[in-house]
């Protein structure tokens, strides 16, 4: 009996725990505190942190592979023999012992299914009106992606290969689903740190961006008032998603999935005749996918893969990407102002990193500090949604180059 | 550098596009216009058309197969060796490069999962009361399926094999999910044109049916007034779906899945004690499945498979099926009137093709044109829902004969 | 022609039906009557009974395996040859003929995915406040699991192997998802009778428990009044699920999945910042999973597996498990009263079997019969939710011992 | 070639059939299939008629009772109280009196099954699922 | 080594590259990628401008008509009747009169698209899906 | 045969065990399992007690603040305006005056968390997800 008890104790998580797992459990509790106690992106950080917690509980096996077999059927007909010579066998794939729950949930990320479904929901929540009213916003949305490629270069020089560098750079796109999509396609083993960094920095937009914005602009520039946006017709809003899908996918086929789903969601919303689908895309579907995606993304942050020096580099490079993106947006806005009749408030450039709609709100708030009567939110939404398109395009470019 | 740019340009969709793809993109835009601008079945045509658009964007690869491997484990124990001699190997199926998003969504169609789930939702929305009150409606629901088999014969004579002819004939059932279910089981390569034809003709019911109805009936026949339907008790409505499931599945086992799910949904609704499940079946579940089914059905309409002479034949045969079904329903009603005490308005026969509840509304409207004080909608709903059962039964017969 | 008709008749379900299938169809109709006519756990019994009906319709094939093949790619490069020598082949797994609908739905049970998702929803509906206010409830929640292990012993002595005995014992946990989860992991072939027994006895709680409770307590004991529970702070409710997850998973890693999902759902609810996720977990997600789980659990009850002598033993052992669990909870409460300053009403012990919240209501009602002014519902909820944790822990122990 | 073989070959190897064979096979299949559909639906017609008669004889109020009870359980009083509070205060405001002077005693809600369902909330859910 | 090969090797075999080669390759990739992003978004800018102009020229009321019609179909009268019933009875109670003496003729609901959607119920669903 | 082997054989090869061995193994397993369940839940009991004490000492209003703030953000004014509009016009109708003469100033909604959530709509969603 004593022996059995000893055996049992040896099989508890306490006996099997490494200090790295302990550290990760503490990190996940800190993330839970930030999400719940401080309100940082709770809808994503709670599932992510909980997934991180579960995956680092020793022996719990929530990410375990299943034990599987192949059962070949005996070859008994001439037809079967001919097929066999051509490599075609009648066979059945059998699960002997099921894998961990999160192993299965994770397939939605691994196979690239969840991020586009999130985009479907995001598209159905997004109003591209401010962008259509002021298409110049697209330039700011392009400029803000510079952080991605700057960081790519840095990561290459720090010794990452091109796929890893791409995945690290995309943190600067400030777009969770895009970061996860690209990373699972190019460098799945880095998904944990990249997803955690991406969502953390998105949550920290109100802290990271304002100092950069103020450093690169004068008080006077921040006070620039912009004229009111024109009203965009229903027809324009319906044609826009179709047009963007066709144009961007033809120019950059690797961006078709993300852009296509974003625009399909938007079409559900704007068409006015598919409200049922739009409602489902923005509620149940995105919520279910968010839970599964969040938990399984967090579960990729296993101690043995997460607590390595690369993670630290990724975290540092990530914030560089974020900062450079913010700055390059602001700078381009200032450059554009030398050529434009109606000047752009350069703060709008910072909204181009995406992180919808947080970055737009931050930009508008900083603007109002300089000039309390200046309402810039709608103007900021243009570059903001352009930034979503921009980082999906950037992901497409990286996929095309290194996929 | 110049070389890289040339390479990149060669990899754009513009360079790779065929004229067939261009045609399909234009067709998908026309379908989007019909769905959004004209309101034809938008809940299905918008996803279908968008799927068609995405699948025909060159190099986008939204339907690409994944790149997969098998990893066999080394045989190291005697047990493993014995298993191996019996064809049983420990092995793991690995995805090296994920497939396209819609490849995965499409599995729900290919494996026959989505159409029965749609039927679950349809069942939970359907009131079989008018059918129970007047079971003779079932005869009209049977007659209207004649279009399916007539067209089957035509397709055989035009050179299609029996499976293809079955899938083409089922268009005359005027029931999208049934058409998709049968086609994926018998002739998956024709799914694109058949689904598009089925849903298009369902949308065109108000245009296709009235001339046929009027040609086959006299003004006086259309004026026939029918006596009010009796009230159906709760108990009958609860017993009905169970009874139909058992009887039809025993007579025709291949129809069990479709009929079973339709009736389970109806039982959720009528039982009065599973409102949660009924609500989910008619809302979130059917909406999610509709999005996935629609997009992936559309995505099967790849230019190289769609722009062939068979498609034209299918489209022509499809409308023949539809028209003959309408006509045979009307004719049977007229024949029945020679034997019945209380005559049936022969327009009710046209409602038997299903296309719930559009065909019933059209029949009732044509009746009211002849006699403005004649309210036939409830009477038309009987044959209409009988037509749903009828075409599921017809699909079962075709599956049994040629599956 | 005559021959074809004979062939067709031979292929109807009537011709192929065995008397066992007929019995099962009748059993499923009785279960439908109990669910709909008598209101016993309809949300689960309706899908289960309908699945049982469908699976026993001869030749309907709703649970059929698909016909699948493996297509190996020809080895044409040196790299491929080296890989092949290491057992790694480029291959694609192909479905030639799709399986039955419920075969696919069943994978969610077989792979252990659905029960934890149900737990996610249950967690988001559960208020652990009464348990936190009175943690002694955990002792009652532990005692009530004795029925599980007592029955395990009985099943061993009746000739079942340890895995089967574990799955039979867990019926005494009065917790459907836990019973399904453990059974699919240890003894999938018994899923049908065990799930049916578990849910049936849960529905029969108001009939099974009161006589046992009254036999083991005196009128005076049943009249014991308990002092009001303190108010539990928001913070405690947020920390509780995290704490339980970590502690239980470390002590018993095999319980991590069930406990983790239960507590994640509860955290969604209590955190107050993830209402979207909580709402989805308690509505659409749990409803969809309930439909799929119910239908596919019912479909495992095929006549040939169900109508065997084991089933009768399981049904008898199941009710023993249930009764012993009820009794041991009551007895422990009485024992505890010898040591406690504030006595526990021993009826609270019976609520420890779980079957949330039915058992708690029954306990409180029996208490009120003895003393009409005694409101025990909140006190009973403590052991009741402790019983959920308790049976998940018991399942973890059985998994650890015999998994 | 008998009909059974003909039908078989229509799905496996139609190219080898003559036009006449196809016509025969197609006609046989069409007639056969239509007959089966008709037979199934006619049997269903008889069965529904039978069901109607049998249920009519035994018709009791049992089922209705269960259902009614179900519906009543779902109705949440809290909900009506909310409405009453809102309306009272609105009326009070408009009449210039304090809320506490007005008592709205009895609000009859028509057609309330569906919304009530949606509001039945956590307690009702726990009662049913699990 | 030409640039194309360099980019190729950056993703397959970066360890074999010198620091200088990495810098060159990284710079090329950065510039190339940024140019492509800029070109794509600038083309999009032109296209959106073009779209705006084309639609402005042809702008008709057709689309709006369809949409309006859609919305109107969704509005359920039953709903308003419920509200009217509730309010009437509340008012009646507070004024001490019977409900039948008060007729609330016309309730204007603002902002009603979303709730109306939710209430459109089974009939509307059947109309659209299937 | 030691107990560990016995337990092992109960799951792999129970047919080879004698009735006595099964009884022994079953009893051992039952006792062992019950003890583990008890130990786990007792440790949980201590831990919950500990948690309660620790949180009681440090109890601040921080968490509550966050939560309250959250709830307040969710409340949509538009919503109340709709209700106000409806009610005003109803009252106006019943009193025979025009809507513009009546101002409903302050509707206190009790228990509004859940419905407010449902109505918080697109803006709130975008704020949180993505």
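By written order: A, B, C, D, E and F. Residues from 1 in each chain.
Assume contacts are C-beta pairs under 8 Å (C-beta built on N, C-alpha and C of every residue); 3 or more make two chains touch, one makes a residue touch a chain.
Computed from a predicted model, the values in this text were never measured in an experiment.
J.: B-E versus A-E: which has more C-beta pairs touching?
T.: Result of the comparison of A-E and B-E: A-E.
J.: If every chain is reduced to the average of its C-alpha atoms, which one ends up farthest from subunit C?
T.: Looking at centroid distances, E is the chain farthest away.
J.: For subunit A and subunit B, what's the span in angstrom between their mean Cα positions?
T.: Chain centroid spacing, subunit A to subunit B, equals 36 Å.
J.: Quick check: how many Å separate the C-alpha centres of subunit C and subunit D?
T.: 28
J.: How far is the middle of subunit C from the middle of subunit F, if each middle is the mean of its Cα atoms, in Å?
T.: That pair's centroid distance is 20 Å.
J.: Could you list the positions in subunit A whose residues touch two or more of the other chains?
T.: In subunit A, residues 8, 36, 39, 42-43, 70, 72, 91, 93, 238, 251-252, 272-273, 276, 279, 283-284, 290 touch at least two other chains, as defined above.
J.: Where does subunit E touch two or more other chains at once, residue-wise?
T.: Touching at least two other chains: 7, 32, 36, 63, 66, 70, 87, 91, 125, 128-129.
J.: Which residues of subunit B touch subunit A in the complex?
T.: Those in contact with subunit A are residues 8, 11-14, 16-17, 25, 29, 32, 35-36, 39, 42-43, 46-47, 50, 53-54, 57-62, 66, 70, 72, 83, 87-93, 95, 97-101, 104-105, 283-284, 287-288, 290-291, 295.
J.: Please give the residue numbers of subunit B that touch subunit D in the complex, ascending.
T.: 131-132, 135-136, 138-139, 141-142, 145-146, 148-150, 152-153, 156-157, 159-163, 165, 233-236, 238-240, 243-244, 247-248, 251-252, 272-273, 275-276, 279, 386, 389-390, 393-394, 397-398, 401-402
J.: Okay, in this complex, where on subunit E does subunit A touch?
T.: 7, 10-11, 14, 19, 22-23, 25-27, 29-30, 32-34, 36-45, 47-49, 51-52, 55, 59, 63-64, 66-67, 70-71, 117, 125, 128-129
J.: Can you check the complex and tell me which residues of subunit A touch subunit F?
T.: Within the complex, subunit A touches subunit F at residues 1, 3-5, 7-8, 36-39, 41-44, 118, 121-122, 125-127, 175-177, 282, 286, 290, 355-358.
J.: Which part of subunit C faces subunit A closely enough to touch in the complex?
T.: Against subunit A, the touching part of subunit C is residues 65, 67-74, 91, 93, 110-113, 116, 120, 184-185, 238, 242, 245-246, 249-254, 256-257, 260-261, 264, 267-268, 271-274, 276-277, 279-281, 283-285, 400.
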